[in-house]
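Look for chain A in each of the two complexes below; its partner is chain B in the first and chain C in the second.
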Partner chain A sequence: MTGEPRVRSLDDPSIMVDSPATIIDAVPPYPPRTEREAEFYSLKDGEMFVNLGPQHPSTHGVLRVVIKIDGEQVVDLDPVLGYLHRGVEKICENGDWHHAISNCDPLEYIASMFSEAMPVLVAEKLLDLEVPRRADYIRVLAWELNRISSHALFIGWLALDLGGITPILYGFIERDEIVEMLAALTGQKLLFNYLRIGGVNGDLNHEFLSRLGDWMSRAGKRIEESSKLMNENEIFVGRTRGLGVLTREAALRTCVTGPPLRATGIPYDVRRAHPYSVYPELEFDIPTRTEGDSYARYLLHLDEIRESIRIIDQVLHQMPDGPVMAKLPRLLRVPPGRAWVAFESPRGQYGAYGISDGSDQPFRFRIHDPSYFTLQAVGQLVPGHLVADTMAIMASLDPIMGGIDK
Partner chain B sequence: MGSGPTVGSDRPSLLASDASPVPERIPVTDIALQRRLTERFSTQLLTAVSARHDTTEIIVGPGELVSVMSALHDDAEFRFELLADLAGVDTGVVLQVVYHLWSPLSPDWLRVICDGLPRDDPRLPSVTFLWNGAEWAEREAYDMFGLIFEGNRDLRRIYMPPDYQSFPLRKDFLMPDDASRSPGQGVRPIEVAFQTAESGRVPLMRVSPGTGSLAGWTRPGEVGAGDPDSGGQVGP
Partner chain C sequence: MSVVSRPWSRLSLAGKIILPLIAVFVALNLVIVLGWVSGILPWLVQAILDALGDNVGILRFLIAATIILVITVPVAFMNIFFEMKLIAFVNLRVGPNRIGPWGTLASVVHGLKVLAKEDFTPTGADVPAFTLAPAVVYLAAVMTLLVVPFAPGLYGYDMDIGLLYFFAVGGVGVVGLMMAGWSSYNKYSLLGGLRAAASLISYELPLILSVMGIVMITGTLNLNQIVTAQEGSFLDWFLFRQPLGALIFFIAATAEASRTPFDLTEADSEIVAGFATEYSGMRFGFFFFAEYVNMFILSAMTAVLFLGGWNAPFDIDPLLSAVGITTPVSVAFDPASLGVGLLWLVLLAPALIIGLLTAVIWMLKSSWSIVVSLVVAFLLFNVIVVGALVTFAAIDLEWVIGLFWFIGKTVALILFFVLMRATLPRVRIDQLMGFAWKWLVPAALLNIFVTAGAIVILDQMGKTL
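And now, the complex of A and B:
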């Protein structure tokens, strides 16, 4: 210890200037590492930087976006990631396969029934494991319910980012009913930790079914109601139609999947393009739009909610009897091998690549998050638009930072 | 299927087996794709085309990557238009980059493994000229494994701070505590008491793939000292 006091008074104005925690410069305090960084962080005449985030209400997590503007127009932008990075892939390598389920839960924190499926599906593929059919149906039921709740929130958020407060209240009412339902099923409202290698944790129970039956009688009604507020609202349409247009070629080249890809007219949905679980036995369509703009992405989410309700209806009618867990040893040693699985989350194609060396832990567990690639498209869509449209375009792409930062 | 997509509809429908209410799940591998790959790239592949589950796999060296990936992307007989994933892998000996591709012409995923990248200077060409979306995926692989993708315009760290030196997902990245011990060995990492540096215990490190729970686990500088049950004890 030197004579320096360890805690300085918060009244000390020098803290406000010195501390990197209080002030983040848009321009990084180190020399550029790549040509692209050098090009971005040099200003032409009349240009300036605006620092969006990391704590900005419209960033859907903790994201910082440095925007280069010329007047009101965005010239270029540079998303700065890593604020939520916790090294999930490394954590998964250092726990056993069962631990990976709960570690992957917080990635897609709006729809964690999907992100927790990654280690489950990879391990089942490596084990060549047959999941009981009832468990498969329950999974699809939980996934589609979660998809609706996630889409309901997307619609609310999009309107909120454009300045409309009402739709998110409707969205939250819809989401709350589903979340309560899933809480009755799983015991958790946000991070469900419900899927298991070989099945699911617990059969359907009475409270879940009674809530579900109650909800099915008015499923999606509130979303339809709030969509009446938005679909022909002059301000909403004016701020979304024709904005952030993603072309088919650009979407494929940027590896974008999910609603932003389908809004360009490409009917790529992993549930049909590479079927998994019991989706081949269910009847549903893959809605597409051709415009590729923010408004098309919004309408596509509405269509997908309707299709999910169709799926839930069939699942409830076709639900077979039987066990919900395959018989497995508690200490699960997964045979050596490599396996890749992909499945459709509300934000696009979730993927996982697992390598097992025959022990109880993954040797390598790669997580592919769709939002990571969707956020990358923001850099192509926003330049040329106004600063205020940055938020509208980002919200319409629906990225979730938990999965992006891993 | 209604007015669903036409892509992938050549997959055999699981509904077709009327005999049993439980559809038989036969792992589908695309024999035609394997034959096309073997004919087209026979001299460029390091090993024969293999397939397991619903994934066909080819292994190439970094020198052949550009021509193989371009052909897979552009040729009318392949049309692997969608890059589903790009992942770095540390086998403990060499580094790899693993690509997963999707094509409307095949029911299989295609896995392309770029193998044999040396640890001290792992260089390979970037695929951003085919998919500019690979830019961030390659930045991530650079950040986590130190893989250098030649041709990526913006290869800088994406998660870790700019002054960070290590590559966290490499197998020789030492964890600062004993959290890397396998819970399968009977000791939960959270239950291991705090150990000072003076106690001389170095965390277990996983250096190579093997079989069995303890294979591939060593402590640097110690041979055969891995007694898993003494984990909770501190001191001499």
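And now, the complex of A and C:
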């Protein structure tokens, strides 16, 4: 690094040795490429860099955040992305539309039922295809189950990053049951690859339904029970209330969607704002909070779990009989055109933009991931807080690195 | 003989460790027994005692210190097992259940694993400080155990300034944490070390102030006398005469032991492992052990200061005489009078007996592996020890009863610490400091003020608190 000499001894070049200790140093090995980089990677008196990640217990994936701290206070931070980048948009253009489903699966690896819906919905819009109603209901059922499993894990993670070790295991009990259920339906536990262009891969089976009925009989009760451990916990509330307040204006300016946006009081949910699938026929509320802090985001996730259980209840009562797959040719040639679809994932609005040139492959496929924008909010919210709050804020915004790095 | 028929290379690792150890123990014991029988050893001991003269206290101190150092290991194992099992229970998991009965030996195997790991020093570390830090932390924890009164007459050293010694030596551990944090050449370690220093120094103050009430009531710093002052029913415990002091002491002790919710010195979600990030092998093991020994010591001190120490919560003598047992006159347990014999008993006898039992079982049941024989021998040894304790109880019941109540209270407090860890999240550093300085210190001062006022008023009325 050029510039004024380092003051802190830990950053003193004279004691730096050519060893792994310097490799983990936060400063990049190249000269600053932008003004922002030059400003960030120069230290004032008493400041130092700390490298959180890429292998750090609380970055939820392979994210690296370089924080500049003054004592315990975070002065500035710089998220370093790309550790999971595999060029999925380009990969999708090289396979046909069916391949894109499994390629998009790992983007949202906590709730992959959502990310695999992107190519499916885009192709259906381009084909102007009417999906069988039973297939639509099954999709909503799978989405809402996956939303609950993702939110249950969110609650556990937030607690774990605040030092509580029990809620994560309670969250995993919920997730485990749902994942077992979906494994009975789809054959896989993590990357389901269940949705198909024109329907879903297979009807509901007996094992799935028996597991679902078993779980539904106690789902709501158990979530209320385990949330008691945190809701009125003095330490948990003291750590999260008033922390990382995202204002309405900042949230709108940063394009944040999903729970962080709804926690600021804006009831924007794609399921209601731009209805798709069979959501218009279902009765559910869009829970909102006005505070916009970490605690509000946590409570909002609990509310959304309750709403999802409500949706699942209705879906099970209203689901019609019929086929689960539309009649489509084996080699699917999508008519030329361009289409944009948006839908609500557990982390916000997932968007996909596809261009077709009439062949069986997407000509262009672009992905709009909500986590990318919530990660922008991390950079706005964290400076000025303590190191410990970095984790509380990051966990409450809940970015997933698969979709960010694409 | 299957021992002979099993070649050395076919032995498992455990066998290769156990066999030489058995040989060493047999040789040592032969020397001791022969020396004792032939009269050389008693003569030698007498000669040493004569040479020491009035300085026999030094020998007594050395023996007590050695015993205390040795018993910290099973104490730490016990605490680690409690922690693993109880947190698993709260988390709806099974916890350790494979090694030993109900997984009781899992923590012992953890200890062996830590011993077998590579001892790694990172480039750029300040080597002397890096090497010394675990020893400083561990010894600071162990040395405080010296003044803890376990039972009537059973203690390491009866110090008149026991309480002062406890706080003074307990504070030395901070130096070790700072050394570890600074010398590791790692920013997480540095943050962890500074956090440790900040929190421990802040919580030392309410910890000391909260026991001032007891010191004013009893007029002594001697822990044995503080326990004696709580004799009677459980209503005579200082918990009921100093409720605020007890609460403050317990909270501050939680912070002193770096336990949840005040465990931000090793907050794994923030600074990885704090000051211990760069440590591996047994050096990390020392930090790990020191934490659990600290937990035991602070539980023991809470029991001694506020829960009556070895005193029974109610008078059991009528109950015992009803079933025909009368408390005999107590024989004061004085390690110095036993001298080397006690050292032999505590250091060598358990290992020797377990080793011999293992060898015998292993030879008789050649289908069992050495580990199975070891476990069975360990269980058998425990049965023998319980039998011996019952026999001893017939000789000195007061001692055993005292130890029973003391250990019972301490273990209850340890389990409470573990339950807190399973339930609570962690506080932030500013909340931690704010809580100490804005709430605990004023409350402790108020406690001192109220206690002093009560003593003066009751003194005017001709009573004592």
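Quick note on the criterion: the second predicted complex is superposed on the first by the 383 of 406 C-alpha atoms of A that agree within 3 Å, B and C clash if a C-alpha of one lies under 4 Å from a C-alpha of the other, contacts with A are read in each partner's own complex, and residues count from 1 in each chain.
Operating definition for what follows: a residue touches a chain if its C-beta (ideal position, glycine included) is under 8 Å from a C-beta of that chain, and two chains touch if they have at least 3 such contacts.
What you see is a predicted model; the values in this text were computed from it and never measured.
Visitor: Using the touch definition from the top, say if A:Gly46 reaches chain B (first), chain C (second), both or neither.
Guide: Touch partners of A:Gly46: none, neither chain B nor chain C.
Visitor: So, does A:Pro329 touch the first partner chain B, the second partner chain C, both, or neither?
Guide: A:Pro329 sits against neither chain B nor chain C.
Visitor: First (chain B), second (chain C), both or neither: which does A:Thr34 touch?
Guide: A:Thr34 contacts chain B only, not chain C.
Visitor: Give one of first, second, both or neither to describe whether A:Gly163 is in contact with chain B, with chain C, with both, or with none.
Guide: Touch status of A:Gly163: second partner only.
Visitor: Is the number of chain A residues in contact higher for chain B or for chain C?
Guide: In the superposed model, B touches more residues of chain A.
Visitor: Could you list, by residue number, the parts of chain A that touch chain B in their complex?
Guide: Checking each residue of chain A against chain B gives 28, 30, 33-37, 81-82, 85, 87, 89-90, 93-96, 99, 125, 130, 133, 252-257, 267-269, 272-275, 280-281, 283-286, 320, 331, 333, 336-340, 342, 349, 351, 353, 355, 357-361, 363-364, 366, 368, 372-373, 376-377, 405-406.
Visitor: Which residues of chain C touch chain A in the complex?
Guide: Its residues touching chain A are 87, 90-93, 122-124, 185-188, 190-191, 195, 260-261, 263-264, 267-272, 421-431.
Visitor: So in the complex, which bits of chain B are touching chain A?
Guide: 1-9, 11, 13-15, 21-23, 25, 52-55, 57, 81-85, 87, 89-90, 98, 100, 102, 104, 107, 109, 111, 130-137, 140, 144, 153-163, 168-169, 173, 175, 179-180, 182-184, 189, 206, 209-213, 215-216
Visitor: Mind pulling up the chain A residues that touch chain C in the complex?
Guide: 10, 15-17, 19-21, 48-51, 56-58, 72, 159-166, 169-170, 173, 229-230, 233, 235-236, 238-239, 386-391
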